[in-house]
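Order as written gives the chain letters A, B, C, D and E; numbering starts at 1 within each chain.
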Amino acid sequence: RAQGQTLRVAAAADVKFAMEELAAQFESMTGIKVDITTGSSGNFFAQIQSGAPFDLFFSADLQYPQKLEAAGFAEPGTLFEYAQGQIVIWTPPDSTVEVTKQGWSALLDSRVQKIAIANPEVAPYGRAAVSALKKAGIFEQVKTKLVYGENVSQAAQFARSGNAQAGIIAHSLALSPGMKDGKAWEIPAGMHPPIEQGALVANNAKNKAAALAFLNFVKSSLGRKTLEKHGFAIPANR
Amino acid sequence: MSSLALSFELAGCVAAILLAIGTPVAYWLAYSNWRGKFLLESIVALPLVLPPTVLGFYALLAMGPRGPLGRLWMALFGHGLAFTFSGLVIASVVYSFPFAVQPLIASFEAVDRKLLDASAVLGAGKWRTFRRIILPLSLPGVVTALVLSFAHTLGEFGVVLMVGGNLAGVTRTVSIDIYDRVQSIEYRAANHLALLLLGISFAVLCLVYAVNRCVWAPAWARWTVK
Amino acid sequence: MSSLALSFELAGCVAAILLAIGTPVAYWLAYSNWRGKFLLESIVALPLVLPPTVLGFYALLAMGPRGPLGRLWMALFGHGLAFTFSGLVIASVVYSFPFAVQPLIASFEAVDRKLLDASAVLGAGKWRTFRRIILPLSLPGVVTALVLSFAHTLGEFGVVLMVGGNLAGVTRTVSIDIYDRVQSIEYRAANHLALLLLGISFAVLCLVYAVNRCVWAPAWARWTVK
Amino acid sequence: MDREVNPPVLAVDIRKQHRGQTSFVLDVSLEVSLGITILFGPSGAGKSTLLDCIAGLVRPDAGKISIGKSVLFDSTMHFDVPPQKRRIAYVFQSLALFPHLTVEKNIEYGLRDIPEEDRRACVSEILGDFRIEKLKNQKPAQISGGERQRAALARSLVTAPRVLLLDEPLTGLDAELKAAIVEDLRAWNAAKRIPILYVTHSRDEVDALGERVIAVDNGRIVGHGAPMDVLDAPRRKRLAQAAGFENLLSAVVLGLREADGVMRVRLGDSRCEIEVPLAHASPGDRGQIAIRAGDILLASERPRGLSARNILEGRIASLEQRGGMCVARVDCGVTFVAHVTPGAVRELELAPEKQVWLVLKTHSCHLVD
Amino acid sequence: MDREVNPPVLAVDIRKQHRGQTSFVLDVSLEVSLGITILFGPSGAGKSTLLDCIAGLVRPDAGKISIGKSVLFDSTMHFDVPPQKRRIAYVFQSLALFPHLTVEKNIEYGLRDIPEEDRRACVSEILGDFRIEKLKNQKPAQISGGERQRAALARSLVTAPRVLLLDEPLTGLDAELKAAIVEDLRAWNAAKRIPILYVTHSRDEVDALGERVIAVDNGRIVGHGAPMDVLDAPRRKRLAQAAGFENLLSAVVLGLREADGVMRVRLGDSRCEIEVPLAHASPGDRGQIAIRAGDILLASERPRGLSARNILEGRIASLEQRGGMCVARVDCGVTFVAHVTPGAVRELELAPEKQVWLVLKTHSCHLVD
């Protein structure tokens, strides 16, 4: 058993809680400690290229891991899509807007003056939110209500603090301890392109065997179940 | 480049407001006889120790519909404070406050007390003494305060992002713009923007310092490193 | 709370180094006769205008395996600079440089030149004059420089996040810790940590200011706001 | 001390101890009438502290300060008019010119409720009086010490104060300038007639300006009155020295001749006897006689037909040239110090051991208690 | 000017124009030998500027400064020793005490290569000499003006300089202290024998200390030599006033009596004729005669048996009391100003219109060109 070993995992903010549970499960099974650093995938991308000591990288999209692999920073053959993000419309617990009943039309409600989403230019969740709004046909109507967080987590804070009366955020975040008292309406997966999230083992990982073991654990049925529990969909092709 | 213009507008507003608010505060802290004033001095520096986004988050709470500031603003102007330029200005003022006040205190304290006595004896009240004696003699400190608060506001992005909501033309400052480009791996664009920002800032700072030297130099510049 | 200890260690190191590096730079800028020195003064303030994460990004590039600093470090010490405590210190020093140097320049410039003449005539060289006359008379400016750079480093998180990589126990400072908690909407924990940080910082600042007052007050504190 | 009937007189009765100072206490009570009153006393006597209190820059521990009926400070009432409201002009010992303002702007500083034109006229007039017109655009760091002194003086005199405080305003000026400025001050005083307190260590300035003298020592008033009475008939040894009496001889009173207003005293243990002005004393009393070296005349043969009563025979003990003057020590039983001009030395062929006669006017001899 | 054979003599030959100043140029060439040389001249003459150049605080535009064989400054060689290497002590006119150090620490400042114990002894000795032991733990802001002056003087004197520059070090001190410190300075000078340049406006200090005088006016040296020669026989009218000659009368030379070393002159347009010391002049030459008011004696009847040659009959035009002295204006065809003591006024019953005789020693009369 690999007692005393430590894996360093860089994980996108939206998978934080799922990752923490996965890490605990993995540690109890293998004794290998997993240190999770959460942050912005864009930062991790730059940092891994600069030799950051991460063994594994769980990105919030597929683009960063692919680019890393192309540039030779990934252990060959380890890149895989571990989950797909889902989005919800979230309103604070004291909101009088019944989002669970109204669905999209809640966003058109005059009580909703600001809608927080992640910045579509940089965040996959933001892109998904915009395309879902377009699909629902209300983008032009709500365009002026939108405010942008640097990432989906910041969008959640806008809504949480009440400055935005609604937010389109990651399902995983809506399930997190700080947000789950609010009301959330799941946006059907078909309304936006899939939010593909890729993971890989870094090529300068100190402990490649353990890293691969963790990757395999995430792929396992327990791993999938945990991800699903935290609001992720598992890609069909896996 | 609207984000650039917005940034300079914000930095200018904030620096001006900070000078206006910071000066009386610094004056009082420099000349008050109150023994407990070191407590206040410490409080003035406190906004610095919090990470900007966290400070921004608390600002957001305060400006929110349940926050005191938000409710006040709503009552006064009929709309919220968050995600507006005014909100940005207020949050930035709070965050950059120490950069303005600390140098002012230090330079006010360095003014020779005998000159203040002389001014009083010549019939000048507090205000005239301040305007004609303390302020000109503290010029280096005032310039430092201006430069630090101006430059710091230009570069600030944590608070701005949090309170502003990154709305193009309203609250998307150039620093957020650059940040976004770095995040989306558009490094060339980020570099260009950063260089532009640096260039313009450099020009502005040069102007400030050159003018400062001209005003200041003749009478004092005698002792020099040989 | 290891992140808290780490933060104070970092802030302490950075403030100490900044004082050590900033003082000669400020001395030179304050007393040099060079006509173009306003250019240098402007450059000193430039790190401020870039958003911290962007500055951190450039620092990361410089410290990375292909960056000049990274290669130098590798040649000297056999390991990289990014994602180490040393790397954090270096990046923070660069970022907080203006906060240390500007107040120092302002207060050095405010020292009466006649006293420097007197010191020279009494046989004191530049160093002795600096240590015995300029430095003590610039104490308010030195304190300002210390406080600003210390507090600013405590609160800094953009550069630190980028260069340090947020590694628990090595480069995860308390401000990143708080930031993380806010990001994951663990507000209770964030509040607790923020309060703790504020409390300790307040205590440290109070100490600095109280000591500063004791050293400083008796001889000077005469002119007061009535 | 002369008192005029109704005019605004500066009345001061205060006590002040500097914080952390135990050895020095200022404890004075004085009235300053219109015109120039000289404040005279050794270094550290408390003169500047007194002026600081009057100007309101230092708060007395207790007491009262008023100008005529207007009270400036009263500790029992917790009443304290701030300096800028007192309308007291004050030339500091340390000058305190504003370093960032030109000489002209410094002088203009105290004039503000006055129309621009009058102000210009005022300033240019005083610049002329004090011979600093050429310097008006220089900053204090760019002018000489004496020029600074004049600028500081001008800055205070252009205002229209109720009281003027001058702390050694003419030190560091050459004799010519001093004379000129003294004339200006006299004219100013004649025109304004306000109480002026004038600190100086210079006997010349006292003679030229003083209508009254207040002598201070160690925080207390030790004498006041006309300059001659206070300074030339000093009551205390320390003051006698301060006022420049080179000869200070112990004496015993032999007898009074009240009709002539004189009394006879014997000096030291010698047989030297001289006549000095009458004082409250009785035969047998001991005291000190103070005589200025410059008040003693030397003669190479016994003088005849002179009105002076005190003529002492002696022998030159030493003769020393100090610059433009010779200092002769003459032994007449007690040793006198006399100043003689080198011309006199040559003409009288003075030399050590030579027999000479000292001529002392009665009124040059002062009894000190 | 006396030159000793080998000793380190301060030689200065410089030109300096302040930046942005067109009216004033310092252009001097002088040698300062061992002992005290007085630098004398009106305010703004360039005395402080000269000292600043010697100390290395102001860089001359051109010229050379050296002590003995060691060159301090040479513009042709672009050689300039920084002030801290010159070993020149300098008491500034503005004192420049370090405000954050106590009096004791201020004085210690210049002593560093000396063992702790010697340093303490040194400092406490000079504290005693200058009567400021009690103040040693005070800061400059907490002591009086005269005390500051003494601290600044002490601070410079404890070091072991090669040259000492003193810029009006005793202004603002009372006569007693001044006398005591003058004694200390004389002793110090006797012990150290280094070149000392001493700026003062005070004739008393010149008389007490000066071995030589250099007179400066408007940036140029206008006289040097023994104090008497320079100050008592001034060559220029301005200096005559500066040195305190109240009488300055135009005169025409009538005839020389070379054997007696005198010449006869007539004053103004009057018929007054007096004898004055011989000078390079011929009959018919015009000049000015300077006489001190204090050098003129008054008599109420024609004096007899006196060695003085110049006795003029006149009438008192006015009599004014100024403090301890009376100023008499006597009309003898030309008007003389004479100082007499009030005692003399009483004894001689002087009053306006009274007929009097003036007694003038030949050597009190100075020809000015």
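To be clear about the criterion, a residue touches a chain if its C-beta (ideal position, glycine included) is under 8 Å from a C-beta of that chain, and two chains touch if they have at least 3 such contacts.
Quantities reported herein were computed from a predicted structural model and do not represent experimental measurements.
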Shared chain contacts [chain A and chain C, defined touch]:
B
Same residues or different residues where chain B meets chain C? The copies count as same if more than half of the interface numbers are shared.
same
Farthest from chain E by Cα centre, which chain is it? Let me know.
A
Cα-centroid distance, chain D relative to chain E, in whole angstrom
21
Cα centroid separation between chain B and chain C, in whole Å?
18
Rounded to the nearest whole Å, what is the centre-to-centre distance of chain A and chain D, using the mean of the C-alpha atoms as each centre?
90
Separation of chain C from chain E, taking each centre as the mean of its C-alpha atoms, in whole Å
56
Could you list the positions in chain E whose residues touch two or more of the other chains?
20, 82, 94, 142
At which residue positions does chain B touch at least two other chains?
53, 57, 117, 137, 176, 179, 182, 218, 220, 222
Which chain A residues reach two or more other chains?
43, 46, 154, 157
Considering the complex alone, what residue numbers of chain C touch chain B?
27-28, 31-33, 37-39, 41-43, 45-46, 48-55, 57-58, 98-99, 102-103, 105-107, 109-110, 113, 116-117, 126, 137, 140-141, 143-144, 147-148, 151-152, 154-158, 175-176, 178-179, 182, 190, 194, 197-198, 201-202, 205-206, 208-210, 212-213, 216, 220-225
Once bound in the complex, which stretches of chain C touch chain A?
53, 57, 60-61, 63-65, 67, 70, 80, 82-83, 161-162, 165-168, 172, 180, 182-187
Residues of chain D touching chain E in their complex?
18, 20-21, 23, 41-44, 47-49, 93-94, 134, 142-147, 149-150, 167-168, 171-179, 201, 203, 206-210, 227-228, 231-232, 238, 241-244, 294-295, 304-305, 307-308, 322-325, 341-344, 346-348, 361-364
Partner chain B, residues of chain D touching it in the complex
55-57, 82-84, 87-90, 92, 94, 96-101, 109-110, 112, 139, 141-142, 155-156, 159
Taking the complex as given, what residues does chain B use to touch chain D?
112, 114-115, 117-125, 128-129, 132-133, 136-137, 218-220, 222
